[in-house]
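Shared between the two complexes below is chain A, which has chain B as its partner in the first and chain C in the second.
Here is the complex of A and B:
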């Protein structure tokens, strides 16, 4: 029984409405996305790439995009694939007919978009990776640590990153990024 | 901070991303139900704990998630080399070679 909108429960997203940053870094919550954690053997990568419409990268620390989806190399047989909500990533993967494991982690993760000239400095507040353009070019991605929490980091532009973080850790990650943004402006 | 070379990521990464996972190259007995208690204790509990060159398993737990093997000097804490899991015990490169951190 659905009547007026006043009685309809709405999902509260982690970090919904938050924003922050400093004069050199902009922090905002990413739009909701559908995500899967994908495990595939080397011989079935081509079949899954065709089924998902995005080439699963096989080189460490690289990502690829296509068909409105982005695939990040996490490990030798592990990828994080995300795209727009309700496009059926698990169903697409199932159409491959190849042996794989696709776990829907859409609501396990949330993402923070970090942009601006100080974004690498802000992330390096808690992340030990070399984020220079030589070592971490546009499109590079890696699972790593940010302070005390694990993140998946993707460089989307020269001065823009996407930080995928577990939802229960997102307040912590956003808080530390905010501090990093302030420090980057000093 | 130590930098450890992950053979799967093919890159040096911070020690923070790694976890130690015990001595390497310990083979599980094929007939584990037939061995004596002493042999089982030897396999299960007893480790060499060598001073100097030691072979260990490490896991890139906050990176690619893979286990790999490392040769490490327990006196200097230097990683002499790392190699993929499943490979036989690798000889350590001559001194002066390899990773010197």
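Here is the complex of A and C:
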């Protein structure tokens, strides 16, 4: 029999051990997070916002934070909500009593944190979005393309971004970001 | 003239803008030359008196440098740093010299001076336009064996390097308010004006420095020398935070919605590029507005033997002199139909070069240039033409005749500069789908109707007057700035088409298109052969179809065709300009999409552990899947045989993480699945799962997979590995367009779960210790059960299911926990005698059970009934996607191809997948095909081969002998049912 003490599985993170960046861009794997893909009809947005303790943004390309949680507008009835690993998003959403779909995608995605003055240029190596502060201010987010993969991009500061990507695409995303970081330094 | 022997005898002291002390050494065809920093290969070679640079494409005629810019059709060279960093067909007029450059001429053998291929020039009557359409028509056999190989060898110029490209290339997307293409007077002025508004401006120029025509022109702007003004203006613009100035950058494409492609040559001019520097950078720009300030290109004169080395555009000679400090000859002739060439003659004369004569085909050249020519003592022959030239490897004389006269005289020259006037560069405007109009008075096409938010300013818009040009540029920029400028001379004149010296004799070679060796008589021949549209004439003669896209030749070719046809030019038409404006390297277009970044290689969470166990991997879409796990000394066959036996006898562990997973959630989830699958889902209880078939509207199988019901309103759908993205799209498409009333949502969870399949008689024993809070006995958790439980302390989803026909479980754990759970399960499995197995064994085991693989056993024309899966099509449902399609007469007729099993008469014989099946192998060809083999394997468990096949009327042929004819033999097979192992199906309930 297996010893029950050693019987608790440990996490192995995608992107563990990777490093990259340049003199103007820092690239690092984000800490593990809890994430849900949340689907809510317009009439129930308020109920879910209250239950989660974060206002679900209803304007395209915007996000909001509260209660240690961040909600990203992904589509007309779709949000990516993330927070600390034990924040309990599915349970919070369930307390709303309103019709919704909350699907745990904590492990589906991983995130790369991009920071430094060359961040936007590095991301623009493969992302066709306008990342000027006017068009993509702090808090702006978008489900978009990065080279050949889909990412969800969130601007966390003037020169910092969070790149959410499906785990099996994260090596590719990190590799292309490294190329972008190198070019941004030139 | 006094020249520096170091950087070339034709270098003129005091002329040009290069610093004499800054030199670079390069070789041309093995000989070493010294250049000045800032030289192009063309200017450096001309400085040493080298005019012969290559051989022409078709006739192998000696060719030199025709232009000083990107429009160059002639001087195409091979430029290399080393064996791998070698590029053919580089324009000598664009490539800057760098120290250590190795440059070679092309299209010659054995040497540039003595080229065997020039024999073609003598055979030219046989190589008239369209010759291959006629010559190579017959005999038919000769096409493959003789003509095509010869044409292929002759086609194309230059030789691609065989080594991989060691350089790297960068790419960037950028947005701006205003993109300005071209940084001559117009572009710079527009940029100043636009920048003053505070808008985000990108100014792009293909040359190493801004200035455009100011490189050679005698223009004063704001009281300054024009070129100096340009550099000062660029410096000022670069210092502004809202302006980006990109030099050595070509706007090569203008696409829809203000999207433009730019290629920046970052290191091609540097002797030792930094290791992080990309060779080139692709810029993909989205501009709200585009200002086209692309200038104009001078045309050559079309006359007999106008292609000898030493004959070049007047503006080019002026650039070489005024910018590079190089004289193109000692005694220079001028042949022109436009005033601009006079200014070249004036500059050369003042620099100490002898001007043999200005031959002007017009009888009334511009007054101002005429009197200046007189003042400088230059002989002007107005109303004359150059009828011919001589000189084998370089022009030695021009033959001049009065228009309409007979007495020709030969004038000795070592260079002849020519100008037929200027063609506005409307390429980008045309690419943006703008409509052109023909300016009859000046014989040129100009922008007329704009399709996008763009505006043309300056020479490309036909605005010749400098003051007018500046006003136009300021207005286009939208700001308020003051720029004043004046030109020394107002220009008049210009012609298009063949000059007097172009024939009409049949034998005269008056070149229209230098790069493709198209002459005036070729265009005339095309018209005589019945080509009346410029599109046909272009293709028949290949005029304008070389990599320079006819920047010099299009207007001449059009005018000659128009004259022959007796139709005005607008009626003959103008061919469309296509991107790229000038050639772009594949490296730039590919950018980062090579090597590791060519395509994402998707790896499961357990990939590294599998690799450590010695797995061989196979590509399944973008996924890398463990294929088989060979032990020391095993080949694939031995490994798969062992895995297959071990799974059935003991157990096996398999990574099924790549299977597509979709979470279907909402009160109408079951109703939605009822509509998307052929089966019924409302009858499925929570905690149970079911195999489902999905058809398209046409009734054919689209995907399949097991669907588990976790709760009344929550399903865990699995799809094939390859089908995951399209199945989700298919579902979302129907949900949004056909069934928007349903309260249900779809989320891809493929990557949320690591899936560890444990199969075989000991499967339960293997996983038992890890499963918490769930009785997984056969009674409590029978086949096709699903439950949420803890596995190794982690909330998991456990499926009781089987794709092997054995007792089986699929353990779904959140992906980060996959490796730890896998490791623990595998350790225990190993101790119980089980094995790891890969996709190959999975394929064999499922085939032994007759389980189909969508996409292998089906091909988009197979219905559920064809696949023997009619039991999975609900007879009670009134609607599902495909229900009407399935009723189509062809889908219900007798004799359709059906999936059946095949057993070879010789059990050792393994059929080839794709093998065709016939009833009578002796029938005459073409035989009547009954179907084909879809899956075929060696089954170690059965000690014989097995196969699945699509066979017409297959299920009615049980026991029949059919045949699979192969190239070397005919294989006899017996039709059987598809289940080869455990026909009663008891093992899954173990």
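In this text, the second predicted complex is superposed on the first by the 177 of 186 C-alpha atoms of A that agree within 3 Å, B and C clash if a C-alpha of one lies under 4 Å from a C-alpha of the other, contacts with A are read in each partner's own complex, and residues count from 1 in each chain.
Definition applied: contacts are C-beta pairs under 8 Å (C-beta built on N, C-alpha and C of every residue); 3 or more make two chains touch, one makes a residue touch a chain.
Because the structure is a prediction, the values reported are computed rather than measured.
Which of chain B and chain C touches more residues of chain A: that partner is C.
In the superposition on chain A, A:33 makes contact with neither chain B nor chain C.
Applying the stated contact rule after C-alpha superposition, one finds that A:150 touches chain B and leaves chain C untouched.
In the superposition on chain A, A:74 contacts chain B only, with no contact to chain C.
Of the two partner chains placed by superposition, only chain B is touched by A:142; chain C is not.
By the touch criterion defined above, A:60 reaches chain B but does not reach chain C. In the superposition on chain A, A:128 makes contact with both chain B and chain C. By the touch criterion stated above, A:10 is placed in contact with chain C alone, chain B being left untouched. After overlaying the two complexes on the shared chain, residue contacts for A:168 are found with chain C alone; chain B is out of touch. Residues 128-129 of chain A lie at the contact with chain B in one complex and at the contact with chain C in the other. Against chain C, the residues of chain A that register as touching in their complex are 1-2, 7-14, 22, 32, 37, 39, 77, 99, 101-109, 121, 124-130, 132, 135, 147-149, 166-169, 171-172, 175-176, 179, 182-183, 185-186. Of all residues in chain C, only 168, 170-175, 200, 266, 274, 276-278, 281, 284, 286, 592-593, 596-597, 599-605, 622-623, 663, 665-667, 743-745, 747-753, 769-770, 791-794, 813-821, 824, 828 touch chain A in the complex they form.
Only residues 60-61, 74-76, 78, 128-129, 142-145, 150 of chain A touch chain B when the two sit together in their complex. The part of chain B that touches chain A in the complex is made up of residues 1, 8-11, 13-14, 16-17, 62-66.
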